[in-house]
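Reading through the structure tokens given below for one structure.
Labels A, B, C and D are assigned to the chains in the order they are written; within every chain, residues are numbered from 1.
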Amino acid sequence: MKFYKVNVEERRELGSYTLLRYPWEGIVAPGQFVMARAAGFPITLDPFLARPFSYYDHDGETASLLFEVRGRGTALLDAASTIEVTPPLGKGFAVDPAPARAALLGGGIGVAPLQILGRHLEARGVTHDVFLGFADAGCSVVAGEFPGARVATVDGSVGHQGTVLDTGVELGDYDAIYSCGPNPMLAAVKLAAADENVLCQLSVEERMGCGNGSCNGCVVPVHGRGYVRSCIEGPVFDAEAVAW
Amino acid sequence: MKFYKVNVEERRELGSYTLLRYPWEGIVAPGQFVMARAAGFPITLDPFLARPFSYYDHDGETASLLFEVRGRGTALLDAASTIEVTPPLGKGFAVDPAPARAALLGGGIGVAPLQILGRHLEARGVTHDVFLGFADAGCSVVAGEFPGARVATVDGSVGHQGTVLDTGVELGDYDAIYSCGPNPMLAAVKLAAADENVLCQLSVEERMGCGNGSCNGCVVPVHGRGYVRSCIEGPVFDAEAVAW
Amino acid sequence: MVRHDKDLDLSVELCGIPLQTPLIPASGTLSREALGEVEGVYGAMLPKTTTPVERAGNPPPRVAETPAGMVNSIGLQNPGVERFLQGLDAFDLGIPIFVSVAGDTTAEFASLCERIGDDDRISAVELNLSCPNVECGGLAFCAGPASVEDVVGACRAALPDKPMLAKLTNEGVVENARAAESAGADGLTVINTLPALTIDVQAQKILVRGGLSGPAIKPVALRAVYDVAGAVNVPVVGSGGVASGTDVAEFMLAGATAVQVGTTSFVRDPHDILAEFAEYLVARGQGAARLTGALRGVRPTVVGGTDV
Amino acid sequence: MVRHDKDLDLSVELCGIPLQTPLIPASGTLSREALGEVEGVYGAMLPKTTTPVERAGNPPPRVAETPAGMVNSIGLQNPGVERFLQGLDAFDLGIPIFVSVAGDTTAEFASLCERIGDDDRISAVELNLSCPNVECGGLAFCAGPASVEDVVGACRAALPDKPMLAKLTNEGVVENARAAESAGADGLTVINTLPALTIDVQAQKILVRGGLSGPAIKPVALRAVYDVAGAVNVPVVGSGGVASGTDVAEFMLAGATAVQVGTTSFVRDPHDILAEFAEYLVARGQGAARLTGALRGVRPTVVGGTDV
């Protein structure tokens, strides 16, 4: 896969997360992702693979990522002044036709794509509410970037105590539910939404080798279709399609 | 092996070579070497091994290395602000008892240990002449750090045309010959010195795995003793001992 | 993109098939969707292994990163040979198409070869002998020379008219290479991934059990190519850890006629690999084909084993 | 240095020998001169393999770096068993001393075991079965189970009173492990280096042909340890690519009772590896010994082969 070397234009700490901006022209759909890594020699061996990140935002000229340092890949990204990125990958959230009223549910670092999604919904005049769940106060700092968002923390330090589903969100009040977070949270959202007659879309998180469909590594079980590659047909799936 | 993290205090380009200084207290004997690498995570995997470098100089508080960028290890060293180094390793040049008159013969980046050696000889009041051979003018820039040195370049662009042995050096005029450079050059120096009744010492260059005697990788054939580890018994050997 | 010096000859011939470059995508590492990114790089096309009927593959997680490599356990997910052949035109980049096949039994291998023998779009077949042989208790087809000879012989009979490569794993590679040659293979692909395991140390669970690929295995693959090339008279296609143009050269020096790029294509544009290879050739005025086996004869002073 | 929590139990027992930590230096990777640097790290000492008579070893170059690893071809350079034993006191750090032996023939192995059986300083013997067997045309002693059974059986007879580990290579490791166990080995060291080759692409020459070690091989070694631990009832000592405290934990989770640190000790202070391992245990309140085999039973959903 072809990677493009770009300079980090801004890096900002948002509590436990890092916001990173780099120049990127062209079109990015909300929910799409990028494979990224700190720039190395022709390739870096350590880590060897690039890492998938949802776009946090994109204004036509600058792309932003929001990430949590977990291991070596994110640690190096957190320190790099030059990074290597692919073009936008995968299929994002279905925003056309626009729903009347949408709920955006984010868990932990899974809040990332909800920013760009919110802007796209805004542009379409869609009323939407944001519900965010975090482990603790440090992670919840990013909630400040989502004005009006309802927040829950597992340790109860900020907002409601519990997960995103404990924020008091009433899924039945919406025509569309968009969610991103760890897969167990997505499974819970799917379950909660199953009773309501709403569009429910989930941005799933699977380990990726390539990001462009070549390795068959990132699969998600889909009803009636076996394992499908989340980097090509996702990362956003209709909740009812996913066979969890 | 234990590595110490140190800051690079100064980095200076000397033609094709780089001079790098870092804080290091304690005693360094001329001809000793260090295993060094750019600082990474607990370990770096790329490159995986540290690289051997002769001390170029040491003033009791600051150590200097002089190196040529060849591959990835030296390229990263050339860019690093923090490096990891071992304590001084190996056995250096025999300067005690001090010879009356010494010739120092360096080839290419092999000039490195001649700086610290010259200072140690100076301290012992040993008259010494320096003869340096380089590939080209870019490499020969470092000769400026050896006042009075006679220089040859293979392409004839600076000084005599040819190798260090074409500088007009008369090995018979000296009691001791100290030499460092690529092994074929050392073999030529050994041959040239064989007729003279002088102490001739060579700092050899073998691929190293560890630097502390553990891998048996860096061996040099020594008359009557088979292969001996150059990181423990060298890198400086009596020319007559080496079975080349 | 790749600078084509007028005197630079990147072409090679593999089993009588002219290839415009010695690079081939390793089976299972280049998808239809990514073909737009690789124009001009490869000498032949080689899609993921196909099997007689559809395979769902293994449940995720299927991939895990390791030092300078990765472990995968895809489980040969593929739509089965019929749908595979229906979609094959998508792989037509104007270069020869090779097809990788695998079955559970010798008979399945042979019938795949027969099915494919008719298809004029296909220039050559690669037998993926690393897959488990259900007739041998799940050991790979290339677990031993007898089994290799059996399956390659049956495929040869079923596929008299197309060049046929046998793809081998590292274990027992020299004996298996000899067996494949004597059973009629026209060439050998060496090697597939190494059996490996990764662990999620925090969860104290197995993460992925599968095959190790990537730069980590390059020295192992080079040794296999070198030894096999010295043991057989058919051409060898190198595979395992190729990450740069000089890696391509190393495999050819060791005896490979063509070289597959797999895992590294996930993290690097293969055009860059070809460009580096071209630079290497230009710098020494050598054509690609002249590299093959060039270091043979220049044996190391002592052929030591491992240390041992 | 290593923080010894009062509740932290790093000790394990290997073949009845109590070890204060599960770490052992891999044979051939820790010299006498470097012993001052490793105090407190290891549970047992294990010097480089010794042979009946002195070996000069292979000519240089003997080592070459590879992606996340290195290839070595030392050629078992050692002073021969008599001088080795004369110098053995230097290896006394107050922890059990294991001795690694290798011969050209089964008889040589047996006579080494006999010679060492008398020496009270030595707690256990490791048979380096990766070395070439001159009676089998230079194939390694562990090239096949028959040869393993032969040499291990002869050593067992010659060494009735000391624990005896058989050190195996990756190729055929499970069958060879079973053979070694049934011939009387008290434990198995898994694995030695992988056969590999490096090339000097500029000079177009072989650089080093030998054994690959280092982090690159960790997933291969883990798979071998896991499979062997599942196939035998004697303890397994893990070796191959250990570079961190969590790597030690991974090997133990896979089934190792003790773990050897080799190549990485060239580039890292092994105290740091032990400290990380201790941290891992403290964080979960586990003692070292409880890790061994802890992920067994937690098998992956599909035991896939390589992909295959």
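Definition applied: a contact is a pair of C-beta atoms (placed from the backbone, for glycine too) under 8 Å apart; a residue touches a chain by one contact, two chains touch by 3 or more.
Please read all numbers here as calculations on a predicted model, not as lab measurements.
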Query - Neighbouring chains common to chain B and chain C, by label - result: A, D
Query - Separation of mean Cα positions, chain D and chain A [Å, integer] - result: 45
Query - Euclidean distance of C-alpha centroids - chain A vs chain C, Å - result: 36
Query raised in the report: Using mean CA coordinates as chain centres, what's the chain C-chain D distance in Å?
Result: 32
Query raised in the report: Which residues does chain D have that touch at least 2 chains other than itself?
Result: 28, 59, 66-69, 72, 74, 214-215, 243
Requested in this report: Check each residue of chain B and list the ones that touch at least two other chains.
Outcome: 45-46
Requested in this report: With chains as vertices and touches as edges, which is it: line, ring, star, complete or other?
Outcome: complete
**Report entry** Touching residues on chain B, where the partner in the complex is chain A
**Finding:** 40-41, 44-46, 72, 75
Query - chain B residues within the chain C interface of the complex - result: 45-46
Query - Residue ranges of chain A in contact with chain C within the complex - result: 1-3, 37, 42-43, 45-50, 206-221, 226-227, 232
Report summary line: The residues of chain D that touch chain A in their complex are 67-68
Report summary line: Note: in the complex, chain C contacts chain A through residues 28-34, 37, 48, 54, 56-57, 59-70, 72, 74, 77, 214-215, 243-244, 263-269, 271-272, 276
